[in-house]
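Dropping the structure in here first, questions after.
Chain IDs A, B and C follow the sequence of writing; residue 1 opens each chain.
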Amino acid sequence: MLSAEDNDFLTLTGPSAPMGVLFRRFWQPVALSEELERDGPPKRVTILGEDLRLFRASDGAAGLVHPRCPHRGADLYFGRNEQGGIRCAYHGWKFATDGGCLEIPTLDPGPNRTTVEQRVRLPAYPTREQGGIVWAYLGPAAHQPALPAFEFNTLPDQHVFVSKKLQQCNWAQACEGGLDTAHFSFLHMAISNDEAVTTRAMARAEASAGQDRVRWLRQDGAPKFTIVAHPAGLVLGAARRADDDQLYWRISQFLMPNHGLAPNAFPGENYHGQCWVPIDDRSCWIFCYSWNPERPLTQAERDRFRGGFSVHAEVDADYIPVRRRENDYLIDREKQRTETYTGIDGVSEQDAAIQDSQGYIADRTNEYLGPTDIGVVRFRRLVMEAARAIDAGVEPEAAAHPGAYKVRAGGAVMPASVPLDAVMRERFGHPHGLAGA
Amino acid sequence: MLSAEDNDFLTLTGPSAPMGVLFRRFWQPVALSEELERDGPPKRVTILGEDLRLFRASDGAAGLVHPRCPHRGADLYFGRNEQGGIRCAYHGWKFATDGGCLEIPTLDPGPNRTTVEQRVRLPAYPTREQGGIVWAYLGPAAHQPALPAFEFNTLPDQHVFVSKKLQQCNWAQACEGGLDTAHFSFLHMAISNDEAVTTRAMARAEASAGQDRVRWLRQDGAPKFTIVAHPAGLVLGAARRADDDQLYWRISQFLMPNHGLAPNAFPGENYHGQCWVPIDDRSCWIFCYSWNPERPLTQAERDRFRGGFSVHAEVDADYIPVRRRENDYLIDREKQRTETYTGIDGVSEQDAAIQDSQGYIADRTNEYLGPTDIGVVRFRRLVMEAARAIDAGVEPEAAAHPGAYKVRAGGAVMPASVPLDAVMRERFGHPHGLAGA
Amino acid sequence: MLSAEDNDFLTLTGPSAPMGVLFRRFWQPVALSEELERDGPPKRVTILGEDLRLFRASDGAAGLVHPRCPHRGADLYFGRNEQGGIRCAYHGWKFATDGGCLEIPTLDPGPNRTTVEQRVRLPAYPTREQGGIVWAYLGPAAHQPALPAFEFNTLPDQHVFVSKKLQQCNWAQACEGGLDTAHFSFLHMAISNDEAVTTRAMARAEASAGQDRVRWLRQDGAPKFTIVAHPAGLVLGAARRADDDQLYWRISQFLMPNHGLAPNAFPGENYHGQCWVPIDDRSCWIFCYSWNPERPLTQAERDRFRGGFSVHAEVDADYIPVRRRENDYLIDREKQRTETYTGIDGVSEQDAAIQDSQGYIADRTNEYLGPTDIGVVRFRRLVMEAARAIDAGVEPEAAAHPGAYKVRAGGAVMPASVPLDAVMRERFGHPHGLAGA
């Protein structure tokens, strides 16, 4: 439970909000690479409450710029992305991806015009492109960190799949939902004990890969959490009763300030992660990444991801989920009666429905938290303390440790006597799950 | 004419508004019985500015509850209405219709869990079901009255028809429109003197049953009002000139705090009433009830009501009128030129159009009231004085007299010399219209 | 660049805003004549932030009145426009075009009713009709001027074409766009040097009539402005380099407080003008007028104007442009790549797109004005000084000089040595372009 002030502190990410300042110490995904075409149409991008334009210039570089021409304020969305830059359609002023002014045709050519062209700038943010994602840094230049070394960013393209989906609520409750793995026992669970029905009902969940896992998830709605901090974030282990005095561990990761890795993967299976990027305080883009360090993803897997599977949603051409707030996620009350607790199709969509349903910004002044919510509590504490620290002059540790982001998360079955630290070493070869350690 | 302060006082019904406090001393219709199915989908219900969820449990009882699970605030609209209660789809917490907590699966079974289950409550309001309507009481338990004894609530189902329709303005001006029977001479009136045209143009009005009534209504736009107070509300008699020195009386009833009975019924005809239930301060649900104390309603009558007749509107599956604010009530300017003053089809729709047109909340600081508005003035005085009285510690008289609601309203033709008191005794057998008195 | 206060001062035109007071010293177009039918449906008209109803009575006069019946506030939009006036559909009160009360049927006929009928008034504004436009005066009666003597108002109907279109931004930036003729070199310009492509791409622009003009426009994005004040407004001359040491002059006119005449017409060609009438502070109606003083417009010309040509937009039955803010003006990125700087079809639509794109109200606190913006600067100064003068007791000069509005604007090619004053005398026979001088 938070005070109303702390709820605002946690959730608001505009330029002057403390959490907005923290976000602006980290590179943020702003688009999929596939959204941009060389010399193609500029795109409207809103991130952290800032309205921006994004375009790919002739040299392939992505420009993330202020939306308006400095001359008369015309929107560069209507501009012409030409050879080397974007030209305002009103009077022809032209700018490069870094915001430099290339041409002012309303002035006669000559030294005066050159002087003005050198003086006029279009505000622009630095961008990078990796792993199929365009990243941008919206913070002060003095604190610009290196790109985080996510494992999916280090693999050949064939091993990786990325997607993007709109979520119609504040980033923080969506992120909490990603870390709160206790909810699988209901939110994503089939009702029927019939194996065929269950398999069909859970066809979009990785967990459906094993009927044992489904059974253990169903039997225990009260997993025991162990949380371990590391330089880039938190390891969150949730242990459920399995068979023969064993525990079924589902271990997720939180990575500063807004990434989460999913807890399902057994060795050899695909890994999944998500990043909740605030559009404004009432909606966010979720960038989803799946990877397999051992082999390329198959075409069948890619097709399945694209159609909505695990963290990936079924979306339209604008990355808007087909099942969304406006249509009550196409809830099917008959399916809710006979097949699943939600009657909503898709793991991602079930998450979105319940997270959106907490309100555009969840009211954390009226919660009733219990033992299964300890991961949520630790997440809040971590990001809020980091945001407060900046104000006290202490920069976030994670920004200085890009290598600490190369971690994995997943599942394991171990005897009940084995503590999380040993489970991590056994499953991942490293207490924090560092890949290749 | 009211001051701006008094206009707010009359119209606003949120939990802390004085008129909201008055409404919360009375049972209010919140849904038609037909809207709820045992173990069926929960419904979103907003009433008096409060966002609520309504479901029918396995035992048939209706639960009107807070919209959010106490655990993490997930919306119970997405909950599963299972055996005996509603289960939150996030982590499986489950609640009974009275708000009691039935199960908390995120805690290990045992005494501690039982203690928490007994402590956690989902806020819930008491409900009753009668006459095809689900009623709820949103006020303090200490003041909970008996259900009002409307005649339609005492008759066999076959004698009764109920419906519901959205109105897109504040409750008070809609209620005023129901009491202001002077408007029939224009708002619901045909223009043509041709009997066939008139009959067609007024086919959805009970008054069309008699060409004499239509003629008297048309000839006199300035009926003389007599108002009589009684324990449950007001008798409002409006007398128009009829033939041979007789008066055509149209007598309506206002019943505290938001019911109105229609003035048309001659002996043997069907009776109609309405209840204006605020959704918020800019819209209301109107619950409509028709009954015949002497005989079952025919199937033809039910079909006619369902298609839009008298107080009943033609509505879609969500009880939204087909002819409504967004489409200008499908006004037909050619019909307005040749058939009726409005060019809008339907008595209910004509009422809605003109009442909505006064604004979402009518501005009563700029009226020009005259003799035909005396009923409106008395209505305002009655409810405003009752709301002020509660603040002074005096509970409303009507809440203590449920039997006083068993009244009728209707029409009569009497010699001009007969006063309203005698007209009531002659027409209804009782000075206030009490049925069976 | 303006301060935030001055930006508000320039743009806001509600009843109490200084610029709103200035606008209320001038007759404003409120509808096209074609929109009103004798005894036909009343129309909703919002102008200068005031919500009004407009109807044409049996005698042909247009009534621009308060939207609500004085009795109970019912909207006269639903009223019946009958013989001689509009009748409220609620209780039948009836009003003439001048707001006088014709009948109160809720009172018994007699001297008392007559007294009340004489006392009750529906607020109404004076109207005039000329040139296919209904004009209204919303200011104080003491300052009511004569109608401005636009040339198109003095010609036979066959010489004139008028239209109307919605613009979804503040009036001032749209008006500025009409005066800022420098933008033609990009906003309305074809990219290709191929004559056939250019002709097709610019088919909706008058300038396409001459390939020389297109070439001169393309070659010089930095025309030199000369501004001359006159009693009704400003002459704005923009000179571009032409061939053989000649200048290509494009001369527009600003006429107080919200008219602009287009700069293209060579002798014998059609003249075009626009008037930006605020609906509210975020949208305006643009009334467009084209005329030829020497000959009737041909049917082909009328058809072309109606389909979207020069200042005229392609609009739907409600005068809403087919290419508009909600659909990004149907921008065609392939056409933007190969044919025009905007990829948007239509001169009017190109203007609308770029002006709307400045925001609902352009932020003038962040501009970078240069030599080609001098016309915009002079326009702002003129209207702002006039608005300030009224507050100091000085009435606007233009309102007292209706004859000064009979001016023309257009193009000319002259030796570079000829100053604007001489160009005007040569091209129009008068230094301010007065027609027939």
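The definition used in the following text is that a contact is a pair of C-beta atoms (placed from the backbone, for glycine too) under 8 Å apart; a residue touches a chain by one contact, two chains touch by 3 or more.
Note that the structure is predicted; figures quoted are calculated from it, not measured.
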item	value
Chain B on chain C, rotation in degrees - Cα superposition, rounded to nearest 5	120
Copies chain A and chain C touch via same or different residues, half shared test	different
Separation of chain A from chain C, taking each centre as the mean of its C-alpha atoms, in whole Å	49
Touching two or more other chains - residue numbers and ranges from chain B	none
Complex interface listing, chain A residues touching chain B	182-183, 185-187, 221-222, 328-329, 331, 333, 336-337, 341-344, 350, 353-354, 357-359, 362-364, 366-373
Chain C partner contacts - residues on chain A that touch it in the complex	39-41, 68, 70-75, 77-78, 80, 87-92, 104-108, 116, 120
